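Both complexes shown next keep chain A, but they swap its partner, so chain B is in the first and chain C is in the second.
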Partner chain A sequence: MDSEEEYMSPISTDDDEIMQDDSGDELSGPDDFDEDDFDEPDPDFGLSAKDMDKKKTAAHAVSFKVLEPSDIRRQQDDMMNDVNLILDLTKEDAAIMLRYFRWNKERLLEDYMDRPEKVLEAAGLNSSSSSQPKLQAVPGFVCDICCEDEEGLQTFAMKCGHRYCVNCYRQYLTQKIQDEGESARIQCPSDGCGRILDSRSLDLLVTPELTDRYNELLNRTYVEDKDTFKWCPAPDCPNAIECGVKKKDLDKIVPTVECLCGNRFCFGCANPDHQPAPCDLVKRWLKKCADDSETANWISAHTKECPKCSSTIEKNGGCNHMTCRKCKYEFCWMCMGLWSEHGTSWYNCNRYEEKSGAEARDAQTRSRTSLERYLHYYNRYANHEQSAKLDKDIAQKTEKKMVQLQTTSGMSWIEVQYLNSASQALQTCRQTLKWTYAFAFYLAKTNLTEIFEDNQKDLEMAVENLSEMFEKPINELSDPKLKVDIMDKTSYCNKRRIILLEDTAENLAKAKWTFNADLMNGSTLLLNKH
Partner chain B sequence: MATGMRTKRVAKERQKIDKFGLPPGIELVEGNDLKEWLFDIRVLDNNPLYNDNVYRLKFVFSDSYPIEPPEVTFVDKPARPVPMHPHIYSNGIICLDLLGNQGWSPVQSAESICMSIQSMLTSNSKNERPPGDEEFVRVNRQRPRDIEFLYHDNTV
Partner chain C sequence: MSTKRITKEFAEVSQTPPEGFIVSLPPNDSVHTWHITLQPPPATTFYPGRFGILLTLPTDYPFKPPVVKFVTRLYHPNVTNDSLGNVCLGILKAENWKPSTKIASVLEAIRNLLIEPQPDDPLEERIADEYRNDRATWEQKAKAQVTKYALEDPVFPATAN
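Showing the complex of A and B:
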């Protein structure tokens, strides 16, 4: 054991070093872009219409592009260079201008050509003196922030001329960058001065660590500033996604994207993939579940309504003879019938078929329909969520066993991958199924809902069939016949999922679904009786 | 160093007040401490909502003052009610961008804040609390400056 560890450790160190070298190269890239990146064709900003058409094959799919950190940096550098060349601004100033215009280069160029002075001022670059920022001691200076007036105090001012002592300036910037996470729009400390801090002044004032943090934050604003960009919400994933779907289209399309890290999420709302349900419906559903589901479940399980006045009653012990506190109606908790029909000494209910009891139960049913309806959908929604987790556990266990099997039965790694794809398919399909129930909850019944429910049923059956396979004992799993069966079922699941998603996406795009709630305006409409 | 900055700055503000006084309607009630001050303010016009009352403001200066804004709230006392205002919660918390990190500038001072709040009262004509006041007062346990207010209303 010892010798093995010793043998392993140098290798892992080597790997680390290689990794570091790589990233080091990447970081130094932006400095020498003049030579390297200049001949490259225009950065592909916004996918061209042609690309869109080519990639768009299905109604439920959107075209998108994954951007890695180096892509994000390069795009910014390219734009800064362009502006730097065209407008004769320094790169720092070009960066500030671009950020001010939220990286809309065309608008920046246009506006700048029209009224350069006004644009410069608006972006916080007013005043034309081009002297380099520097620290200096000013005789008779009193810092307006800390009231220090020591002789020879080092002070700093940006081009706006608002001068403060270096300590205060430094502390102000540290606070802004470290505590408030600001970067692109840090203004001069003076009240009402819109002058924005440039990176050269920053370098002069703060520690390199803070400068690094500042640059990291700046990198983020680039993605956050552009409507067509979004960060991958997976923890620690540094990638961003570019996608052209606009906010106003979110009632017609559900833009699911997939990052290089494997995370599938909605570009519209950054929630995990929720096809076929549109974002707004998802938002409502999640809120409803957070607000209601626990309470509703509890009410449904532990209470009944008084057959006479419909007050909700919890039975917290004692016998079945209930007297409603509100209306003093006496009834039997078991059959909901009138207590007087039970006789005086009959504390055991076996009168379920009595007329008064049946009526009371009917009324109860009606009054609970809406709650039950919600719970119907919620339970199925929650069930698929739970099942997806269980499927994953089983798949992981199976995979482990398959590794063992590999050694005993001589199956190669590639031969056991069908289990992986089966498990993947299960996860994706359950995710879809889960959201079909939220979708169905808000759906008003039309001819289209029948097709939808059929599709839902087909997918559900396919999924359950495949899920069942994972429960087979491990020695059966390696049977070639079963393997073919699993592969068939996997591809059937995927097919059913696409069929369902296509159907819903097409109808969504054509606004053919009728929802029982006005999703866009947030008000609930009356349901047409079906 | 940070603490030194606060004490020095607060002391300087105090000296200035002693020397030049405060604008009309603003009065320093307690300012011997360099950490916590109390002001009394009243409106100067005859705004029917406020003209009969005096209101008490509490300032708490953190060690990062004046890089960070001070914490400013209205104190609720028998003779010193919390003024009715659509941006002032009934527990005395004030929703004002100047008092958040975004709107704050280290060049501002206790005096300038008092003046801003005074004019915030003067220009108001709505006899109401912010929407959701009851809920906010019931559940809020955060320090005022940690609350993420959305400063959307530029009219008051």
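Showing the complex of A and C:
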């Protein structure tokens, strides 16, 4: 089996390495991605041969690149320069043409070579003179927008010749840019004229602040116009991700990407990382949970009663191993079963046992069974979501713990990093576990589901073990033996997670999973709707 | 802001209105609200109805499009079948509107919409389906509502400014 290092690398730590592949002047824009708009089979999911050779890539990982604002600007500038050199167009006009062609340089060049006049007209650049735009007072002029006609009124017209007073032009542009957030396709104010405003005209007409906003918006359209680009959805993050996974592939792969800001999200649907469940199932599941929230709400409650003495027990950590303060009864928060039976055998706490056919004859029983089944999965899904939050609280305390550890044990900052890794592993694994339950809910029972549930069970156990160690008081944490245990468990958790993701991803890519037809129907969403 | 433009447009449209339209200003009101009556051409579904249309010009007109509402009820895929009378009109959408577009063009567009509904861009999904799949029933219901609501002079709401 591959080392953990190799498994983890495409998504976890070394984006830098992936980025360096393209750091030369070789552009990774539409050249690599846009040429295959057609539906040819794309088994590599956007991995270029180069990437494939470089390292064996895991089935659950996709190759991607993080673009910072400077990268985004540079890519645009490079393409404008290319077009400016190849075709006899000013840089402004090259920019308009590129935007019109949604930054598909090859198609622009091809179409332009074929029928330059037609292409120019379509992009709103009817005649190609390169005279500087200027303001002008025209004798006898009446502005068709405001109907002002005073002597010496400053006016402006683009090459289409539709002339308006400068005040109207300014107000029009301010509204388009500031209120409507438009940039790349602002047309001439004349009714029916498709001429698109170029940045030199804009510079002449508006204040520098508005020009800044305009350029910022232009940057946005560059990313939004390309299917292979997506903004990182983290609030205030200015980065974009480039990834070759196409919409039509989303039933075969779950493209989790990670931004430099640390945000892990799905390139397909921009939701937080939801491996192993494919985007369409996620959409269905989230909708179902929203629709059924009243039924399910009581389940995810923070407090439950001790199964033995009925005193109220509050969960304040991620760990499912509960001990009643009053009677010392140890039980599992998920299934309320005796904990000692979980220890090694974990008597199928994760698995939903289907009722036999005879039992589920009448409609009422069937509907109760289907609710029970849903609640089984929802319960576990919601619990991991909850636990991840609690783990996060703990992670914030981890920082403090690490400082304390340094003073009490004399360990260095580097030496206490294992707590940080443990906390990271817990969060990531719980995120995965959470979605395994949504995934399992839609799975029809086959021999593959058994393997899946075994993997799920193994990951559950690994996570519970680590979670329990992680919540130990600080004086126990400084025990060197516990440190080694935590480090072992951390890497074990990560390994179990990768095994589970690899298994699901491989079968997803080969369309081997069978989904429960009853649950997939009766909804407006379809797995292959693109 | 653009009183000059509005005054000029009103003068043009009220003196030589597009076919089928009568345009007036409500008594004692600003030029920002127009009372419009439309009678669609003979041999069309909504003839001989007379439909009241309230056209409101926003303060930043003509940079923002006018707001158009039917005050007479009608059974139409692109007009809400209620007392609001909201209209879905392509020319009035922010992405299509240009400050040089004239109200006369908006009126033309409204008349065309009554002559030929656009079921692919509906406000009333159910009426649009009926229009597409059971034209006779739609026609019958539309006519019935003309008789019920549109034979009298339209009554415009008192403008509260």
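The rule we apply is simple: the second predicted complex is superposed on the first by the 387 of 530 C-alpha atoms of A that agree within 3 Å, B and C clash if a C-alpha of one lies under 4 Å from a C-alpha of the other, contacts with A are read in each partner's own complex, and residues count from 1 in each chain.
Convention: a residue touches a chain if its C-beta (ideal position, glycine included) is under 8 Å from a C-beta of that chain, and two chains touch if they have at least 3 such contacts.
Just so it is clear, the model here is predicted, and its values are computed rather than measured.
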Inset, instruction - Sticking to the clash and touch definitions up top, decide whether chain B and chain C on chain A clash or fit. - result: clash
Inset, instruction - Mind working out whether A:C168 is in touch with chain B, chain C, both or neither, as first, second, both or neither? - result: both
Inset, instruction - Would you sort A:E180 into first (chain B), second (chain C), both or neither based on which partner it touches? - result: both
Inset, instruction - Report for A:S190: first if it touches chain B alone, second if chain C alone, otherwise both or neither. - result: both
Inset, instruction - State whether A:I145 touches chain B only (first), chain C only (second), both chains, or neither. - result: both
Inset, instruction - State whether A:L390 touches chain B only (first), chain C only (second), both chains, or neither. - result: neither
Legend entry - Touching both chain B and chain C, residues of chain A: 144-148, 164, 168, 171-172, 175, 180, 189-192
Legend entry - Parts of chain C lying in touch with chain A, wherever the complex brings them together: 2, 4-5, 8, 60, 62-64, 94, 98-102, 105
Legend entry - Contact footprint of chain C on chain A as seen in their complex: 144-148, 162, 164, 168, 171-172, 175, 180, 187, 189-193
Inset, instruction - Using the touch definition up top, name the residues of chain B that touch chain A in the complex. - result: 1-2, 5, 8-9, 12, 64, 66-68, 101, 105-108
Legend entry - Of all residues in chain A, those that touch chain B in their complex: 144-148, 164, 167-168, 171-172, 175, 179-180, 189-192
